[in-house]
Amino acid sequence: MRVILEAKARKKPFLPIEAESIIPRNFLKGTDITVYEGNKERRLEDLFWILVEGTAVTPEKIEVVLKGDTSRVKRIGEYMDAGKITIAGDVGMHCGNFMSGGDIEILGNADAWLGREMRGGYILCHGNAAHYCASGYRGEKTGMRGGSIEVLGNAGDYCAEYLTGGEVHIHGSCGDMAGVEMKGGQFIIEGDATRPCGNMKDGTCMIFGTVHQMLPTFERTGIKELPDRKVTMTVYKGDIANRGKGVMMVKETVRSDE
Amino acid sequence: MKVIMNTGRTIPQGESVERKHSPEYESAASVCFIHPVDMMVLGIEDGAHIRLSGPDSRVVLTARASEMVEQGSVFVPLGSYSNHVVSGETHCTGMPDFKSTMVEIIPTEDPVLSVAELMESLGGVRYAH
Amino acid sequence: MTELLIRNACVFDPLNGIRGDVMDIAIRDGRIVESVKNDADVIDASGFLTLPGGIDSHSHVCGTKVNFGRYMSPEDMRAGRTARRGKMHVTSGYYVPTTYGNSYRYSTMGYTTVLEGAMAPLEARHTHEEFNATPHQDMLANTLFDGNWSIMEAVHAHDVKRAAAIVAWTLSSVRGFAIKLTNPGGTEAWGWGEDLTGIRDPVPNFNVTPAEIITTMISANELLHLPHSVHLHCNNLGKPGNYATTLETFGLVPDLNKNRQTLYATHVQFHAYGGSTWRDICSKADEITKSVNAKPQIVMDMGQIMFGRTMTMTADGPMEFNLYCLHHNKWSNHDVELETGSGIIPVLYSKKSLVNCVMWAIGLELALLTKNPYQCLLATDNPNGAPFVKYPEIIGLLMSKRYRDEECSTLNNGFEQRTSISSLDREMNWNEIAIITRAGQAKALGLAAQGKGHLAPGAEADLAIYPIRCDDVDPATEYRKVVEGFQKTRFTIKRGRVVARDGDVIVEGANATFWVNPTVPDEHNVANDPDFVKKFEEYYTVRMSNYPVQDVYLPRGRCIKTEADI
Amino acid sequence: MLIKDVVCPFCGCLCDDLDVEVENGRIIRVDNACTLGSKTMVGDDRLKGPIRRDGKGWVETTYDAAIEEAAQILLDADRPLLYGWSSTHGEAQSIGVHLAELLGGVVDNTSTVCHGPSILAIQEVGHPGCTLGQVKNRADLIIYWGCNPIDAHPRHMSRYTTYATGFFVRDAHRGRKVIVVDTRRNETADVATEFVQIEPGGDYAVLSALRAIVRGRGDVVPPSVSGVPKEQLVRIAEMCKNAKFGAIFFGLGLTMTAGKNKNVRNAIELTDELNRHTKFIISPMRGHWNVYGTNEVFTWITGYPYAVDFSRGIAFYNPGETTAVDILRRGECDACLVVASDPAAHFPKACVEHLARIPVIQIDPHPNATTHICRLQIPGSVAGIDAAGTAYRMDGVPIRMKAVIETGVPNDTEILQKLYNRVREGTRE
């Protein structure tokens, strides 16, 4: 079954829409669900043109497709556990928060907190992801626990903050402090990163681009050949400041003071 | 020349912060402290006007020589004038880069605007107290 | 004049010797009366369990430390969120809820009076502001004197009257209710990052020992005729082997008051550990209760822990730092100049942890091994041992051996050799539960005279009607019904007004704050003592004139005056 | 008439020892205050009464009419932002939070552009602190990191630290060492025992290096970190470990530069590490006299110190999303109530542009930058001058502000209570 939601034009296009109800499972019971525009509860059909193709008896068999301007629609796919969501354009904040299963594919850019505290499933973002991609929540010690997030473009600052499990793969570059507070999981950055892995406790981070402002509290422990990629990585242990035993592998580094 | 703009409290700015329509506030908040060497490079004297340009905005300030700022950076008191060039980007922390904005400085003959004029330029309506 | 008649209430009122009689209760203008007119409003209790309003004699719900626990815990705020509804404000939080969250949850559980366990005098204004935002419970504040410089000087000078005079001035200035000592002397030592190892260690720079502070304050307390006794958090909290310190402390306590205990020892579970390390920790509840059973002058509360996440918060700064080094979770500390300290860290009590299982068992042992229920009251040191919403489960455990056995079977094996919990057959009855949740508290806090904790004519009409039929529920086997029943009252009545019904608060609260004003002769009023004033102005960072809490902070203050014998 | 022990309504020091001379209803002299405090109290000049924008000009209006119009604007909004609060007393702040709750709006306070990042850091790792008297009576080592008390908190050093005589520190000058860490040699640096100059944006790296050195792993630290030679870092670490009682005070130099909350977190974790060796505390230099009060009031009512979004009925908190600057920059609110602050002066241009686009109501005694962009301004009295109320010092000590003169101007609590009542009628309709 396919549920196609096309965003309608709005009087106040910048007001956020909160749409955690947009997950495949909820469409088993039809399309009579509500979302919030600011502090007003709205029926889905007030904000989207709705087209349903076919039927399904399990969420696994449901694909929700979002079209039109969805850049201000927040929390799509929150607590999603099965099925697929495809976003044709950009998506608002908190897409796929707490997601435990299923797929989300974003053809445009994702706003901040993409896949925050994710537990399982797969998110693919073709464009860029904003700050706090694959991160944790304020005050919470455990961030993303499982599943995987792949971003074909760049990610903003604090990417994979508190990463605890699962895999984060950024094909472009990360902003400031990628992998800060990492506790586990695997984090791959194909491009550059600035001050990565500060305060890291555990887990593995591989950076194939250039590291800017390498932090002074990582201990060089040797080198590692990656035959499949035909590269040699410098291996660091850290963050020593935090009694960390995480592993950071870097292709090439530039210290802030060099 | 490209420099890092730092902003913060100064005594004169703090003394007049509750009287923003006053000449005291305007003169206290519309100054830009620059290292003497940088002023030489810019070819300006203490008291000259400079135009400070951020990513998407510009503001005219009065240059003041100060050895308390490093070469390559300038200090502008926090408030209406400095914020005219600070970007709204907060890196999702809620806090703009008030103390680390890259700006371009060039000498200018243009006048320093009043707070009311600055606000008008942003769509406000001047209130004459 | 408003009148209310409660019909067919199955009443337990231990202080008046009423045990399960089905009767009517008449209420006029907020107080219990003999009878009301026929046109009075009527509530049919339909034979449900009816008790005086619950009283928590040791809970952390208001003030600087509690609010900092909230401030640093946005993750907990996600745990218990409710939207604005009817007369109820938004609430957030599970183990450190907002003030309204605390107030609504206590109220729907039938609690109408709560004592805040620790108020630093310098920050008293804050506590009182939050009391006003905790509108459904009458509030009282334990006032901290454990590290008070002028008190320690008086102790050093063996000047009990001086100590009493300082207490009198402080309590009346900050609108406090009772003397609280938290790790006496230890909090001052913590000002230097140190702690004391026992009650005979000298406090750095002050040359007094915890033992001297405790005994002096006990005498001062009785000189002032305060309604409550000294309220003590013993030294060495949470350390293996600390039961010896606790017993030594109990040994210091004379029997000075015929109406109530002379010492209230709080959260004793945390002070009843044998062994010498976390590896060989074991229960010493038997020794502790043997001592208490022989000493009518001592009342304690359980300090029960329950499994799950919560937040530890206490004036005991050094203890919190030790916990931080153990758990490596977030740690906050807040020392208060010339007075006391405090620390906060989140914890998880886990059934997998042998130590936690032993702690859990000790609290229950204390209650079950104490012969006189008036000497061991139900409390979790909320939220330190567990949030107070766990009280119904604790009641269930105390009333049912089977429930305890079922719990034990899910715990870390090996803990049973370190405690006697499985060998205890005692099952409390309704009357004993009424004692350890209200009558005992009222007596211990000296509030019975204020009309709290009982239902005789003249008493304040604070009642809790629980959807439990005592005659057809057998707590020993149907403990789930008991637990459910105590979670939500059918009706909670405060000063003759129905404030909560079936789990919903239905009115705006109008609580009172009880505080004590002991009058001392002018020559003993420290406010007139140049030396006291000089030291105050020199070493505090607020002016003495800005220190006292103004009346505006107690819109419904209830002052208890006492005459000091000095 | 001389009024003693008056509390100063300027900075987070909340000095309560001012002597104020009042003559026929005016403050003519202020003693003991710093120049910031006395100028605020003596030079105080106000808007005479409520004003509203009328087309391209301004007209005077009445309090009742203004409150009615304000209520309508807020009731019509789908996502109102209620911002400011730090320069008014707690009683007014409390009504403000309940107003946001009633409206389903977002309520935020000035911490958002001050020590908001410090709050985020504290929420990650906690806060080992104390009241300022502990520092005054005990501290033998003071560190000012990324702050300039001489300009921003002029009496901080004389009342609480460098120059204050304490019980255990009889001779402040010989008894205390002072370290200043900053990117520029500010006025405070001139009185320091040791000045550490960091390249802009280098604080995080320096803090990490110090933590490693303190825990005995200086071996990994390179010869120079963000412009600071390793020898100096080692010397600083030794000074800290050998102190009997050390106190770190930090300012916007940490919260406003790259890394923000992570910079502060690193400083807190350095303090934690030092507590394994000796007594150490850390404390933010809060700006507004009652900004800490807004955090306290917000927290006991909503559970969160700032940036609270009631749009969904429950309280939601996510700085970076629910913070005023982000909401305004993204245009995510359609009306704004500004109370006791001046966002038009203190927010970036992009935010002010959105404020100019939407209806803005300002409750503030002074004509300020926000006046020019608001639709409606309602002046209240000023706590500490003609209004009494509760304030919280930067260290959490609550103090009651005095009203030293009578002006008959309604205070913020009264104005907001009326507004709240009017909005409640509106929500019932």
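Letters A, B, C and D mark the chains as written, and numbering starts fresh at 1 in each.
Going forward, a contact is a pair of C-beta atoms (placed from the backbone, for glycine too) under 8 Å apart; a residue touches a chain by one contact, two chains touch by 3 or more.
Just so we're clear, the structure is a prediction, and the values are computed from it rather than from any experiment.
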Chain located farthest away, centre of chain B as origin (C-alpha): C
Pair sharing more residue contacts (C-beta pairs) when A-B is set against C-D: C-D
Chain centre separation in whole Å, for chain D relative to chain C (CA means): 34
Length of the line joining the C-alpha centres of chain B and chain C, rounded to whole Å: 56
Rounded Å distance between chain B and chain D, as computed from the means of their C-alpha atoms: 22
Sequence positions of chain D contacting 2 or more other chains: 120, 123-124, 258, 310, 312, 317, 319-321
Sequence positions of chain C contacting 2 or more other chains: 72-74, 76, 330
Contacts with two or more other chains, residues of chain B listed in rising order: 91-92
Every chain pair meeting the contact rule: A-B, A-C, A-D, B-D, C-D
Complex contacts: residues of chain B adjacent to chain A: 91-92
Partner chain B, residues of chain D touching it in the complex: 10, 35-36, 39-40, 43-45, 47, 51, 53, 56-58, 112-113, 116-117, 120, 148, 151-152, 154, 183-187, 200-201, 252-253, 255-258, 260-261, 287, 307, 319-321, 323-326, 328-329, 342, 344-353, 356-357, 366-369, 371-373
Chain D contact footprint on chain C (complex, rising order): 62, 64, 67-68, 70-74, 76-77, 81-84, 89-90, 92-93, 96-101, 122-123, 125-126, 129-130, 133, 149, 191-193, 205, 321, 324-325, 330-338, 341, 344-345, 538-543, 545-546, 550
Interface residues, chain A side, partner chain D - complex: 12, 14-16, 18, 36-40, 72, 93, 112-113, 131-132, 137-139, 176-177, 180-181, 195, 198-199, 213, 215-219, 239-243, 255-257
Contacting residues of chain B [partner chain D, same complex]: 4, 6-11, 14-16, 18-21, 56-57, 67-70, 73, 75, 78-80, 83-100, 115-116, 118-120, 122-127, 129
